[in-house]
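Pasting the structures here.
What follows is a pair of complexes built around chain A, which joins chain B in one and chain C in the other.
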Partner chain A sequence: MKLKSLMLMTGAAVAAAPMAFAQDMADSMTLVSWGGAYQNSQVKAYADPYKEMHPEVEIVWDESSNEAVAKLRAMNEAGNITWDLVDVVASDAIRLCDEGLAMEYDPDELLAEAPDGTSASDDFGDLIVSDCFIPQIVYSTTFGYRTDMVPEGVEPPSEICDVFDLETYPGKRALEKRPINNMEWALLCDGVAKEDVYDVLETEEGQAQALAKLDTIKDEVIWWSAGADTPQLLADGEVFMGSTYNGRLFSVIEEQDQPVAMMWDAQVFDLDGWIIPAGLPEDRLARVMDFVKFATDTQRLADQAKYISYGPARESSAPLVSTHADLGIEMAPHMPTDPNNATNTFLYNYEWWADYRDDLDAKFQAWLAQ
Partner chain B sequence: MTDATSGPDVNSGPTPDNALREADAAEKKGPMLAADGTPLKKSLMRALRREKLRALMLIAPLLIFVLVTFIAPIADMLFRSVENEIVAETLPRTVVALEDWDYASGEAPDEDVFAAFYVDMVEAEEFKVHTRLGSRLNYETTGISSLFRKSGRGVGRMDTDEYTDAFIDLDPAWEDPAVWMELMAADTTSEILPETNSAWDSWLRILKENDDNVAEEEPEDFLYAMLYRDLTRNSDAVAAYDGPQAALLQAAAEATADIPEVSIKEQFLDIDDDWGDTEVWGTIKAFSPKYTSGYFLSSVDLKLTPDGVEQQPDNQKIYLLLFKRTMFMSLTIMVSCILLGYPVAYLLSNLPMRVSSLLMILVLLPFWTSLLVRTSAWKVLLQQQGVINDILVWVGLVADNNRLVMINNQFGTIVAMTHILLPFMILPLYSVMKTIPPSYVRAAKSLGATPWTAFWRVYFPQSVPGIGAGSILVFILAIGYYITPELVGGTTGTFISNRIAYHISSSLNWGLAAALGTILLVVVLLLYWVYDKIVGIDNVSLG
Partner chain C sequence: MALIQPIKTPPLTTFTVPFVAALAGFFGLFVGIANGSGILGLLVGAVVGAVLAYALVSFVPDKRTGTLISLAIFAVVGLLLAGLSGLVGGAIIGFILGWFTYWLHSGKYRMGVPIYSTPREVLWHNSYKFICGLIFFFLIAPIITVMPLSFNAENFFTFTPGMLALDPEAYSLKHYRDFFGNPDWQQALRNSVQIAPAATLLSVTLGTLAAIGLSQPHVPFRRAIMAILISPMIVPLIISAAGMYFFYSRIGLQGTYVGVVLAHAALGIPFVIITVTATLVGFDDSLTRAAANMGANPVTTFFKVQMPLILPGVISGGLFAFITSFDEVVVVLFVGSAGQKTLPWQMFTGLREQISPTILAVATILVGISILLLTTVELLRRRSERLRGMSPG
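Moving on to the complex of A and B:
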């Protein structure tokens, strides 16, 4: 009897040992992302391997990245933060950081080094655009066009200004229903040099100039507000060309085999990544930090590119990008960062837009409503 | 609906209310007494109060539920349309210092304001609230957001460390936190060294936030800068100080004349020239009160500027247009719902039961389908390469290169929303029509009325309460719709609610969203009141 209870106790102690160790970290984690193919790539590349290493962890996904900024603010005001890690675009990360809703972090402490020992802050480089932002992928907003709608005897569109050329390329265009990117493209095609775009856009005249350029095609534009709109409009033949995220176009072209081609000219790079909400309890924070370190290491970021055509944010991940998990095609040529695609790119100025977003949005919406 | 001839007494017998009225009437003849000798009126009042209390307790759970989960959140959201504490909370000293500054002077504020602003920024930066204030003020004046972000980084690196070095050179005791604590603990310091004392309070709050011990942390530059200001401005007052470290303070006061001044204003101008811009300071001043009308002004295309209320420039006017459009389109949708719904409801209520329940399912079926599915279905039907255009081209009514544009505009929005809201019109109409006895119309006809007269003079007036209920339902639902207009509205079919959604979820300008929402609510209540005056709310029936 005595022996038996002793054995039981030892058993309990052995069982309890790893439990006690794991107690420092919470056993469940709520990750917030965009849903769809993108979230799926994160599940496959990050969450599944992590669960293999830590079977005790339960990962819950919430598809709320679209309204993450507003929801995080509401959670913060209610004093009950239910999310552990949130996937947002860089401009939202800056806004969340400004509002004190996202946690500031030290890249070299939180993130893993590259395999060759380069520090995380060097490996990510300039892509860490805010003290709170943990970069994940580089995506671009660019144009796709229907190959079967190109007029006969005309070269297919290859330059951004072909979007504004209704004579050579008649047909509807799909543009995003917000000023960002559209204003820059309009100025580029109105003779403004790339490096002067934001200086010009800062002035009233520059803004009027951009809107006047957009006016020339306004009647032929269908304005989209969800990333899925343009692929759908292209597939239906509703528009001749349209802007959207390059990954969406990839899936229309390669996965759904539609007669659509990419026009990489003047693609605008943007970033997507994680933020950790400010004010997490210690055990949950410890778990999230452990996950983030794993999920943003060189191999994991390269793995994500197997499932979606977005470029990994680490320089050291680029050589490791391999083939698509289902289609088996090489993914490197479909990356926005591929040298062939990135011959003419445009850099999105986060800081500038953080200042001018409210002002220009009011003007842009007023212009749209006229 | 209650019949006009039947009051509460008819149905439920006398209540204390009636007795009270009678007692009132009797009082003129002299007080009437109850059985226990108290005046009858008093005794009845007590009985009435008890009864009312009991009734209140019965509905209390529901009342509390509605208050807590419905009224309170709405009230809280509406309150945000005027609430503006963030400026005075983040920059308390600056707001006070700015009171003496005149925007019309055309010059940036003086050194005193900048000194106050310096201490406020040091504290705000430590608590990470300066950027939040920056984005708040950026709604009013473009550029303030990055100005605050930049200045937050800059305040820690100002040349005010020259003061720190000078004081410590003077006497190393100035480096000792214990000396500072003794100085600041004295009663008279708040009068002799007002700015230093106030900065010291900030310092204590900063240390507390970081869980640091006051006795161990070296005082920071901004404390020395404030000390310098206090000592130079009022060096004689130091003589009145008789607390601990009096000699040290006296020596410092005498030596300050030799310490070169570092202009804090210049320091800020070094960080960014915009600090010399009166526009920035004017905005801070205009939005410094705890409550502001700024959001409401913005929502009617005006703006609050340092000069007072001004018109928004023409290229930014949008809200009045959207309000008008929302009203117009909601009314159009309501009218098309009446026109389409009335015959259907008439048919439903007059057909034999078996057929009408089948039709009823057809009415309800879309009601149970997801809103998004129904909206997308309209896209498939109405788009240029869509079903309707294809048929028209096939029939030959429309040329292939000239297909009709029926979606992503006002027309598409009205069609889709009419379809979505139709059941809300049909159901109240149906339930009212069901109660109209068919014998009335038959009687009218037998008395010689034409079918039209019988319908118009006999049937229609009895169905008006159904139209009223349906119209109110459809109109109020339509006015707040935003998913459908967002998806099929294009540029000419968007509603004011789309802007509210944008300000809630994208721009985080909740104050403006609240103001727009408040206006929408008030407009609806006004229309409801007008409706009550014209038609009478008693003439509304949901069945």
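Moving on to the complex of A and C:
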């Protein structure tokens, strides 16, 4: 009985919500993120301090960033936007912005200035790749390998092309089940110069060349689709080397103490950040804007790096990056942007992939099925 | 029938030895594959099996002693070759081979078949049992594997070398602690424990009433109504879920407890209807007429006469409805919002974003709960059969 009346009350409260909270800011927020260690870093660095300042606010987390685009479309169609702030990668943000599902914003109005007075648009700089995208971190997709599986008398792998060298480094590889990054790496190791990669990939022959290079290792590849797969495969000893996000590898190496090492060569930078769904009611929008201003300020972005090895998107945050919250190790050397790690990096071309993604996805899947 | 046939001892070298060798080769194949060469394992296994069978039958007539000797030999060899886990594995294989040898040699393998069966029939009978055992193993192995892994001391789904060597250090309860200490999991557990009983109550009430109504011969369009009520069981879940999502969004139920409870009730009702309809088949309508004859109104008749008799059906339907709601992930992903995150939802996201053995700990707990619930259903079913005189007490 008690349960039933409780639920009736909840139902009534939801129905009455638009009337009851007619004041400036809503008292609850649904934030969407990726789950795992990454979401944990956001809770610790942004949400917990914010709740300390505003104890009346209830923050609910939804681990749905993976299907954010599809779900936002459905919500828009149903006329019922239940999310307040969504964490997505830059390419998804661009798509959502083009479809009108994300809100455009003015960086200098919404976001806080740097402590020295630099405007937000200058502080974030080029990383604001779309009018809707509020950058948080720079991460990279790179390789890790099992140190105990390196054949005897051989130098451990250090270059991207070692992934394609089955003779010197026999064993399984884990690669992401999509063309992005894999095609570029394949061309780089097939003698194409870094600056020509996307020009070559535009042509049919170039695409065939990349797939032919991937063909040489296809039998030895385990394809992954979730960020947690490669760490699991590496910990199992199921693969010798595998690509994944650098923060996941950091966790495997430093937090879980597995015999794994990083291979930073030809790491591919990408961005992750917030978007605000279009069409939020005013009180919820006001609350979200207040939260975003706080959560993307210089100190908060630097704090996030205490929990995960992703680089803050603000230039002014970089000098403030300190040590890991539990392990006490310096975090700067584990950042993808650290000069020692970034000797050879690859820039992922958003615009190019926005144009060619559908076509290459289809080709890649067909190649996989062969 | 009373004639006791003397059990003939089958020939040793042409019967017992080859069969034991075949089984030992089968085990050897697995051990061999694990160590790099299946063929070699098969051959070594077959030879060892043949020697074992010959030696046991020729020199150790007593069954119990022989089995123990075989167990001890394999256990020691296993211990020397692969440590503590080899000891356990070896002991199991040794026991099976020893038992198998005596089972064949004593002629007990003919126990399950009539005395006049041809050798081919006997072989088929025993192979059939063996195949059934394999199928059972195939069905149950994934569930069994999960259980030891949930006591892993590492944060991965991996049988570590320490675990295989049965090192106590490699096992821990930390994933169970994480489940009971982590607010996300506790919130999910609370949501599941709130949603499932409410949905069950609703589906049991509505489903029982529907079943009773539909069992009345004078109701028009009975089959059509039944088909519609059962449809949530037949329509693919994802279709129901998407439909409910858009419908509930329009009427403001999406993302509320009430919405999730209603959606789960709709999924549970077919189970209740089916089980209650089945018990109503055995229900004697003259009992309700007798009650009416004695002055009871329909409500009293229902609670005093009909309900106690169909109660087993109602309860087992309710348990199915409960398990449906408790295990359901697709519909709740659509109809619920993050505030109504249930256990399966939490497991689903956990599996995708962070492969953590906490999921295995939860799975083990859920398997335990499911076994308890299904045992209850089975006991109730037996009771109902006994009450209706369908099986002897």
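The rule we apply is simple: the second predicted complex is superposed on the first by the 348 of 370 C-alpha atoms of A that agree within 3 Å, B and C clash if a C-alpha of one lies under 4 Å from a C-alpha of the other, contacts with A are read in each partner's own complex, and residues count from 1 in each chain.
By our rule, a contact is a pair of C-beta atoms (placed from the backbone, for glycine too) under 8 Å apart; a residue touches a chain by one contact, two chains touch by 3 or more.
Being a predicted model, the structure only gives us computed values, none of them experimental.
In the superposition on chain A, contact of A:Arg73 is made with chain B only, not with chain C. By the touch criterion defined above, A:Trp34 lies against chain C but remains apart from chain B after alignment on the C-alpha atoms of chain A. Shared-chain residue A:Cys97: touches chain B; no touch with chain C. When the shared chain is aligned, no partner comes close enough to touch A:Met53: not chain B, not chain C.
In the superposition on chain A, A:Arg357 makes contact with chain B only, not with chain C. Once the two complexes are laid over each other on the shared chain, residue contacts for A:Asp236 go to chain B and to chain C alike. Shared contact residues of chain A with chain B and chain C: 66, 236. Residues of chain A touching chain C in their complex: 3-4, 7-8, 10-11, 14-15, 30, 32, 34-37, 39, 60-64, 66, 74-75, 77-80, 82, 226-229, 231-232, 235-236, 256. Residues of chain C that touch chain A in their complex: 154-158, 194, 197-198, 245-246, 249-250, 252, 254-258, 261, 337-339, 341, 349-350, 352-355. In the complex of the two chains, the chain B residues touching chain A come out as 128-129, 131-132, 134-135, 138-139, 142-146, 149, 315-318, 321-322, 383-386, 408, 486, 490-492, 494, 499, 502, 504-510.
Chain A meets chain B in the complex at residues 66-67, 69-70, 73, 95, 97-100, 104, 172, 177, 208, 222-223, 225, 236-238, 351, 354-359, 361-363, 365-369.
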